[in-house]
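All chains are identified by letter, namely A, B, C and D, in their written order; residue positions are counted from 1 within each chain.
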Amino acid sequence: MSPLARRCFAEFLGTGLLVTVVVGSGIAAQALSIDAGLRLLENAAATAAGLAVLIVILGPVSGAHFNPVVSLADHYLGRRTRTGLSGRTLGAYVLCQTVGAIGGAVLADAMFAKAPVAWSQHRRSSPHLLLGEVVATAGLVLVIFALAGAKRTSQAPWAVGAYIGGAYFFTSSTSFANPAVTVGRAFSNTFAGIAPVSVPGFVLAELAGAVVGLGLLALLYPAAGVAADDVVVPQVGTSARA
Amino acid sequence: MSPLARRCFAEFLGTGLLVTVVVGSGIAAQALSIDAGLRLLENAAATAAGLAVLIVILGPVSGAHFNPVVSLADHYLGRRTRTGLSGRTLGAYVLCQTVGAIGGAVLADAMFAKAPVAWSQHRRSSPHLLLGEVVATAGLVLVIFALAGAKRTSQAPWAVGAYIGGAYFFTSSTSFANPAVTVGRAFSNTFAGIAPVSVPGFVLAELAGAVVGLGLLALLYPAAGVAADDVVVPQVGTSARA
Amino acid sequence: MSPLARRCFAEFLGTGLLVTVVVGSGIAAQALSIDAGLRLLENAAATAAGLAVLIVILGPVSGAHFNPVVSLADHYLGRRTRTGLSGRTLGAYVLCQTVGAIGGAVLADAMFAKAPVAWSQHRRSSPHLLLGEVVATAGLVLVIFALAGAKRTSQAPWAVGAYIGGAYFFTSSTSFANPAVTVGRAFSNTFAGIAPVSVPGFVLAELAGAVVGLGLLALLYPAAGVAADDVVVPQVGTSARA
Amino acid sequence: MSPLARRCFAEFLGTGLLVTVVVGSGIAAQALSIDAGLRLLENAAATAAGLAVLIVILGPVSGAHFNPVVSLADHYLGRRTRTGLSGRTLGAYVLCQTVGAIGGAVLADAMFAKAPVAWSQHRRSSPHLLLGEVVATAGLVLVIFALAGAKRTSQAPWAVGAYIGGAYFFTSSTSFANPAVTVGRAFSNTFAGIAPVSVPGFVLAELAGAVVGLGLLALLYPAAGVAADDVVVPQVGTSARA
């Protein structure tokens, strides 16, 4: 497997398993608990733990973006120093992330004996939810790239996991913060789903949040023109830039 | 942006987002859960996670005080060795923290489609609650500055997050422990709010707690005359002292 | 005690206490809580914490496998470089793990005044549960050996604990992921039990999951032909290979 | 203050605040939640977080024993190499721990507007509870001193916190595992209390557990004849041995 193929496979697998964690724990929580807050707590705790572990094990291969806005921000921040993803790699990453996310939803549905593909009926389109999604994504982008600016990338897995786990509660949108995951969650008509009609709004809000996050980063860490590959976790030698 | 402006912006943003986390997760918990303890557990878990992450990412810029009593203690402890905040910087920090805290409450209300400003009706003034607030703040000051005395500042983000998360339960006041956050929480008539009439008592109790905490610190770590900038997290080179 | 005897004793004790944690916290959760999801949350949190601590303290003695599929994968991955468990040591490990697991279930039952041995009546045999068990075990094997491939073994205790805690919710099988623990859990007719008739299916699913995990590992970390003794935690000098 | 006085003060304060955390969060949990398991989860989470933080900040001063059986084991293990607590220091530690524990219970009661001293009516004397207490204490002693044997003392705060948090659920006794804390908890007639008549049995079970834990340690780490001062956390230079 070529280095780029291996990196894309890691993004496919990582984004897929992230959606499996999100959707699967959502199905379990809905089946097992009555209280809506307790369901979200179970969903958030499983997601925080699973996401942190996925970053730990796949970061050295691909940077563990698992998220088109993270890859896009990496491309943007590294464009001058040529340390970010190239345009071609960016496209490959986003494709693998999105296909992986859909696969992860199908796997979760299969594990819980649900129809493998069922469009979610859960509409999420109120303006205040979109504001929540802007805040959630701005925060995520700031967390990831500030860690690079501060040379604290070894803290990334647990910091990102803790951030997302907390944001399930402190944002009104329960913090999707990820266009690929948003698409994947449309494929499962369960607790963590989102109706396809609400997807474009969420994705636009996430893009807007990324812009806000990059703006805050520029104010706080003006020298942080770095690549997310080095941000999320340092890469091992075999993963040459493509 | 000047170094001092950048540091103040970090204090503004960090204190603001901390209040967004506290108030936002409180609104979510109140809306989603019935049991009062479960609500507080959700609120505490989100706060602990969010606070730890904010300290990780903003500590290198400003020291991540997010709290007037921490800045004041830093000023006091470093007054002889001139390693603490100067009087002018202290004033700027406290102002940015307080304005940020109010902004954070407004943002949380907006995300959850609440009135942007509504005075809290939640009175918190019983003597035993004030004792709880003294204990909470004494503990927080001791935790932060003992970490410096023990040269364990890299543990600060997770230790401070864990401390506050635990103190939501083991103190009777649910551990505000922060005058700026206390002011901010008066601006939201939701789960985590505090009636304006109760704010002065809480702030006085927090100041008393800071004195107790500094007294314990002097007994345990007599040599800890250090600056909180170096306590919470070591600063990067670009943030010159102002 | 010979080095091999000491290692086997650590596997016996560690697997035993792991089952004590799983079964004991399951009994407590069932006795104390009504909501099925809350019971699983209590069970998952105690298991994640207990497993992480057991790996921290016993890893330096035996590698802290506590799991026949981990030992088997270690043997398989290290067969060419002769860095894995020998066939004889593998047999000793699996035996000690299995006997320990049964002892751990008996101890948990005794602590909670249950009959020391009572076959579980809890059937777990639906195909989607077996798929869940394949996913759970594939993930566990990937987590453990990817940490070695990435030279991040110091993260193993907390990563493995977090993984299993999350997988209690995101897999449909609640993530046994361990043939020895599966056998042990058949000996207790309580919350975490599994009917003996369902054990063979679970063990086969776990073996299939291990194969899937090793396949993913080969794609992601082609150079990771390493021994799990060095994976889970580096060994101290006194534990010579046997 | 002499070095020994400072160390004893740290043991007094740390054990006291530990009981404040245990009893205080128990009172809060009982007042706020209905479900018994949820109450214990809140109590366990607050205790785990608070204990870990107390070890982080007070370990460098006194070793953060907070527990007579830990001090006793330290004395026993270091008796030949003269690296453990001297007999005189042991006596001072145990006295300070016990007085602190009582003070901590009084403080918790005061914070929650309870009678400052009220004997607990909560009898805990069934044989299976005593077995639970043996297991809990054996595990605690093994965790603390195995970390020294494995030269992993920097993990002690979080490992000990996680262990106790998990053991609240996986032992039938909810894991007191500490004679001083057991005495302190007799002084509060609340959720975490223990009737005075049940105290001697619990203390004897804890001593028996310590013996079991030391036996396991001798099998697993035969060279671990070390002082707990160096176990829990390395001491700073100013705290000379007394």
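Basically, a contact is a pair of C-beta atoms (placed from the backbone, for glycine too) under 8 Å apart; a residue touches a chain by one contact, two chains touch by 3 or more.
If you're wondering where the values come from, they're calculated on a predicted model, not measured in any experiment.
Asker: Sort the other chains by how far their Cα centres are from that of subunit B and give me the top one.
Answerer: C
Asker: Same or different for subunit A and subunit B, where same means more than half of the interface numbers show up on both copies?
Answerer: different
Asker: If you average the Cα atoms of subunit B and of subunit C to get two centres, how far apart are those centres in Å?
Answerer: 41
Asker: From the C-alpha centre of subunit C to that of subunit D, how far is it in Å?
Answerer: About 29 Å, centre to centre.
Asker: In subunit B, what residues contact two or more other chains?
Answerer: Residues 35, 38, 41, 45, 48 of subunit B each touch two or more of the other chains.
Asker: With touch defined as at the top, which chains are paired up in contact here?
Answerer: So, checking each combination of chains, I get A-B, A-C, B-D, C-D as the touching pairs.
Asker: Which stretch or stretches of subunit A touch subunit B in the complex?
Answerer: The contact residues of subunit A facing subunit B are 35-38, 40-41, 44-45, 48, 126, 128, 131-132, 135, 139, 142-143, 146-147, 149-152, 155, 159, 162-163, 165-172, 216, 219-223.
Asker: Can you list the residues on subunit C that touch subunit D in the complex?
Answerer: Contact set of subunit C toward subunit D: 1, 6, 9-10, 13, 17, 20-22, 24-25, 28-29, 31-35, 38-39, 41-43, 45-50, 52-53, 56-61, 107-108, 110-113, 157, 161, 236, 238.
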